[in-house]
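Each of the next two complexes has subunit A plus one more chain, namely subunit B in the first and subunit C in the second.
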Partner chain A sequence: MSAATDDIAETRGAASETVKANAEGAAVKRTLGIGFWIALIWLGIVFFAAAFAPWLPFKDPDANYIQRGERPPYPPSMAHPFGTDQDARDILARTAFGGRVSLTVGLVAIAMGMFFGGLMGILAGYFRGWWDRIFSFIFIILLSFPSLVLAILITSLLERSLRTISLTLGILTIAPVGRVARATTISFTEREFVLAARTLGAKNGRIIIRELLPNVVIPMSALALLGMGVAVVAEAGLAFLGLSVEKGPTWGKVILTGAGSRDLQKYPWIAIIPIVVLFFTVLALNFAGDRIRSYFDAKETAL
Partner chain B sequence: MSKTAETPLLELDDLKTHFRTERGLVRAVDGVTLSLKRGESLGVVGESGSGKTVLSRSIMGLLPSSTVNHGSVKFAGREILGLSAKQMRHLWGAEMSMVFQNPLNSLNPLMKIGKQITEPLRLHLNMDKATATATAVQLLRDVRIPEPERRLSQYPHELSGGMRQRVMISIALACGPTLLFADEPTTALDVTVQAQILDLIGEQRRDRNMSVILVTHDLGVVAGHTDQIAVMYGGKLVEYAPTKTLFADMKMPYTKSLMRSIPKLVDPSHSRLATIPGRPPDLVNPPPGCNFAPRCLYAQPKCHVEEPPLVQANDPSHKYACWYPVGTPEFEKRDAELQATGYRADDVMAVS
Partner chain C sequence: MKQYWLQRLGAAIGLLLAVSALTFGAMNLLGDPLFNILGPTAASTTPEDLEIIAAAEAEYNLDDPLPVRYVKWASAFVTGDFGVQFSSDGQPPVSDLIKERLPRTLMLLIMAQTMAIMVAVPWALLAASKADKAVDKISTITAFLFIAVPNVGLAVILKYLFALKFSIFPLIYNASDPFWSRVWQMMLPAISLALPAAAIYQRLLRTDLITTLQEDYILTARSKGVSKRNVLFKHALRPSLFSFITIVGITTGALLGGSLIVEQVFIIPGLGSAIVEAILREDFPVVLAIVMIVTAAFVMINIIVDLIYSLIDPRVRTE
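And now, the complex of A and B:
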């Protein structure tokens, strides 16, 4: 008897709970979720460390901190929290300074892709006709060219400076970003608000900048975050082939110093720690990009 | 009134709008002649694909440049057909504007309402920010939006469908156009909201002495809100009359069929709704004779061979294109036969 009443009471409690949850759910504003903010905090730390590395209390990334009576590499310790590599260089400092190069490459590459790809994609999608034919043809050529071969070709022909690497990876991001921009522009151009703007006397330039651009930039920026992750990984890939920036550490080069099979077995921290930093950074970029995309997607469907 | 009666605001003379396609020339609008006085409203009625939307867009010059246009469109006495987009831009918004079918799509989702209303004001009327904002508030008040000041800083998704359509109307009215196109303005809205929106358009028309072209597929919508009605079929005008005359004395069997396909309150429940059998004509290869003949329950052999011209009824303002209009002996005889079979369209088609 008492068990039965308990059951009923419980059911009632649960029912009122659901009602309450529903009522709250309706009132709750859509959020990006805690994961997004964790990803953002991680990215903040990494970017801060990279941007201000010379002014932060890091050790000299190129100095050899040989300890008397012991052969490097040294495992993580109080003096070297991430340990050192075979030349007794501080891995924490090298990772921070390496981030300067790797993240710059990622940022420049995606900025280039956003600017040129976005411009070409929007013009192609809005005007169609010859603009579309020419730019779509360029995108197809860029996409069908094996990207690694192109990167190797350019970096082995030109000096391996930060600028060359960034621009090479930048060229490779034009086509994917451009295609997204073009497709999004086409779908928005067919929406009636663009025609409505035209019937109110807006010129093409105004329609593109005021009506289309804000709508197209959202999916583009989500893609940009994903693309930046790809560019950072691509730099590491080039470093692995010995084709990354010549001067100073990069994440790819730091990983490479510890990537020999013997080193990986005996001194795993040399490669693993920068790999973990790279992994979490790319993961955070992807996650943040994905969350932004779905956040605005849902907003669209709610319209 | 007598002065405006002399110069119509809009005059179409044999307007033809054809599209070149791979299949051939699509005659979307094929010889439409009509005129509209300042302050009057015209209902353009027809099925999907009858050319009513193309008609309004081709008057406004919104169609791609590959479109082939013939005839003449005179706006306030000036020929505007074939003007470039650059020349038309002075008219768009300021002289003629348009309210679209779907208020969900016709507002920019990422721009605040206030920005969307003030932009044309600042563009066409060179208003400064404060004046434009004050005008926007007044416009929103005109279209009966509560708390207009607060709406200015809201985004379209924060408003309901009817509210968005009101905003759309206020944007279209912002620069005081003399001609407003309303392209199925109520199709995407709830029935209760539909009447409000139509009343609102009518009220603004009277207040601003503006002409309205109401494009719709619903005869019921135009009945109470227009002075004239143009019924289109297959890109052609098939009946054109003052609203009262049309409803009192329909000539064209097509108009009659449209009327019959509206459900009526006096019908017993579960009575079958009358439909028009078949589909709108292929505008690349229109049928010989009358466009409507293949679907017309009253078609006679002549209808399939010879195209009926647009002729005047007893009332000179009433025009129709039909060989055997409602009231002729041929029509009445056929109608009696149809009455006997109970207007079952499919049965009738099987017989004929």
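And now, the complex of A and C:
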């Protein structure tokens, strides 16, 4: 009966799969599509810029590039392609360095979700019984919290370091990933190849690692890309509540710098350029995740 | 069936107790309430200061052991007495502050949710009736774009475009304005919450509608001469609403979080700004009250969704 809440994770996943199945019908496309590669290139650029920001020819994100005779902020120009903020700090550099924090938060969060959620979900789905009861209960507890409130709670009590924020958002991703892992595991545990492995005398550990894991990882990694987008956006949200990482720029904090009414009217580029970067990144993550899912889905149905 | 609902209710209450105990404990152990009330005086040991400390401890119920304080706080909380603020000399009481702020957040939430549903249902009906045609494909792409828009970013951009650049909507929320002008002032914040939600609903409902439209009884209805339009509205819509209702319920929780942030962008003095101010001043009773209210609302919504579910789907009821 707990159908209503239990099915959510499945419903969400299944929904877009059915969309694809219906949209593509009999003619199953096996390619990832050009959009996927565009998304990947964008992600590549953003990740590269963020990962190597200190070694790339960016300006100093914390320096004030005051131009003589003119009051900052300065609009986009050759020297500052994204313009500068009110303190004459280079927004391109701040966006790149902010990406370091924002993307780290996203990566750590989703790695945590994948590891703990995946582990708990697979164990729950494979062994059922008490494992299932305990882990499903943990998932329900985690999902009963409005996620932002949990984030507010933890970040308001602890120091606002990169580690705290990443771990907080990581905890939030455990339950959704775990649910999908559990559901997928259950659907695969009944399949013939698992039965075959068992008849051949394979132990539980081997079945889980060699037979189930490769199948469960695909829907999980599609979800991971979506989840990473959610975590990156969540950081921006926390910044607006004054709860993001304290030191250095983050995407949320860069946007916040220009989001006040007066600044937004007079110097719109301060907020809008980082918003566009954030939007394209989330879009690319969503799109890549969606393509991966339907790509492997198509293979599944073609069998 | 009755037993099931009692179990759900019991679980909900248990969850709220656990959340409140954890939050209460964490706030008191990790923070120093006395310091937040008195400032540096709290660490002083001069006789006059010790007297002040003792008085403050008595006033703010800080002289009991932690479990006793929790029980006192919790039993006052359920009667609507949320305690006194630590800052600003405890005035107004937390419950008055909440009474002032909560309706604004609630209004924003209701407006956003109504808009999202009102946009999503016709949108899904249109897309499903023209499945795989150009209209549908464009709408799928649009929905995909909307889903990826972060609430924060959308709020800032809408504010820039429609309040600052073209002054279509008012920029300032004024709490003392009459009801309908406040509704008008909340349009932009509500839209920034509603659009991504509408896109999520649309995708789900469209899929379910298409699945329903492939059922045999739809074919029967069509072959008996029921018009396409009537089939869509009278036969297909209702059975397709189940997961839609679920997702609306779940999204309400996410919108609640989103509204705290959107409030910050549009400077609406709701729960969002209240919790931000309270965190800055480390005013635990206020943070605690807001966390509890939001969590309780979230838990209640989940139960209500299940209840609605069992009301509209007889299969769920008998299971």
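The criterion applied here is as follows: the second predicted complex is superposed on the first by the 274 of 303 C-alpha atoms of A that agree within 3 Å, B and C clash if a C-alpha of one lies under 4 Å from a C-alpha of the other, contacts with A are read in each partner's own complex, and residues count from 1 in each chain.
The rule is simple: a residue touches a chain if its C-beta (ideal position, glycine included) is under 8 Å from a C-beta of that chain, and two chains touch if they have at least 3 such contacts.
These figures come from a predicted structure and were not determined experimentally.
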### Query
Should A:275 be classified as contacting the first partner (subunit B), the second (subunit C), both, or neither?
second
### Larger contact residue set on subunit A - subunit B or subunit C
C
### Message
Quick check on the superposed pair: does A:286 touch subunit B, subunit C, both, or neither? Answer first, second, both or neither.
### Response
second
### Query
Where does A:144 make contact in the superposed view: on subunit B (first), on subunit C (second), on both, or on neither?
second
### Message
Is A:158 touching anything from subunit B or subunit C once the two structures are fitted on A? First, second, both or neither.
### Response
second
### Query
Regarding the shared-chain residue A:79, is it in contact with subunit B (first), subunit C (second), both, or neither?
neither
### Query
Is A:211 touching the first partner subunit B, the second partner subunit C, both, or neither of them?
first
### Message
I'd like to know which partner A:200 touches here: subunit B for first, subunit C for second, both or neither.
### Response
first
### Message
Is A:63 touching anything from subunit B or subunit C once the two structures are fitted on A? First, second, both or neither.
### Response
neither
### Query
In their complex, what parts of subunit A are in touch with subunit B?
191-193, 195-203, 210-211, 214-215, 299-300, 302-303
### Task
Quick one: which bits of subunit A touch subunit C in the complex? Just the residue numbers, please.
1-5, 7-8, 11-12, 15-16, 18-19, 22-23, 25, 141, 144-149, 152-153, 156-158, 229, 233, 236-237, 240-243, 252, 255, 259, 261, 264-265, 268, 271-272, 275, 278-279, 282-283, 286-287, 290
### Summary
In the complex, subunit B touches subunit A at residues 60, 62, 89-90, 92-94, 96-98, 100-102, 104-111, 119-120, 123-124, 156-157, 168, 171-172, 174-175
### Message
Applying the document's contact rule, which stretches of subunit C touch subunit A when the two form their complex?
### Response
4, 15, 18-19, 23, 26-27, 30-31, 131-132, 140, 144-145, 147-153, 156-157, 159-160, 163-165, 171, 203-204, 206-208, 210-211, 243, 246-247, 250, 253-254, 256-258, 260-261, 264-265, 267, 272, 275-276, 279-280, 287, 291, 294-295, 298-299, 302, 305-306, 309-310, 316, 319
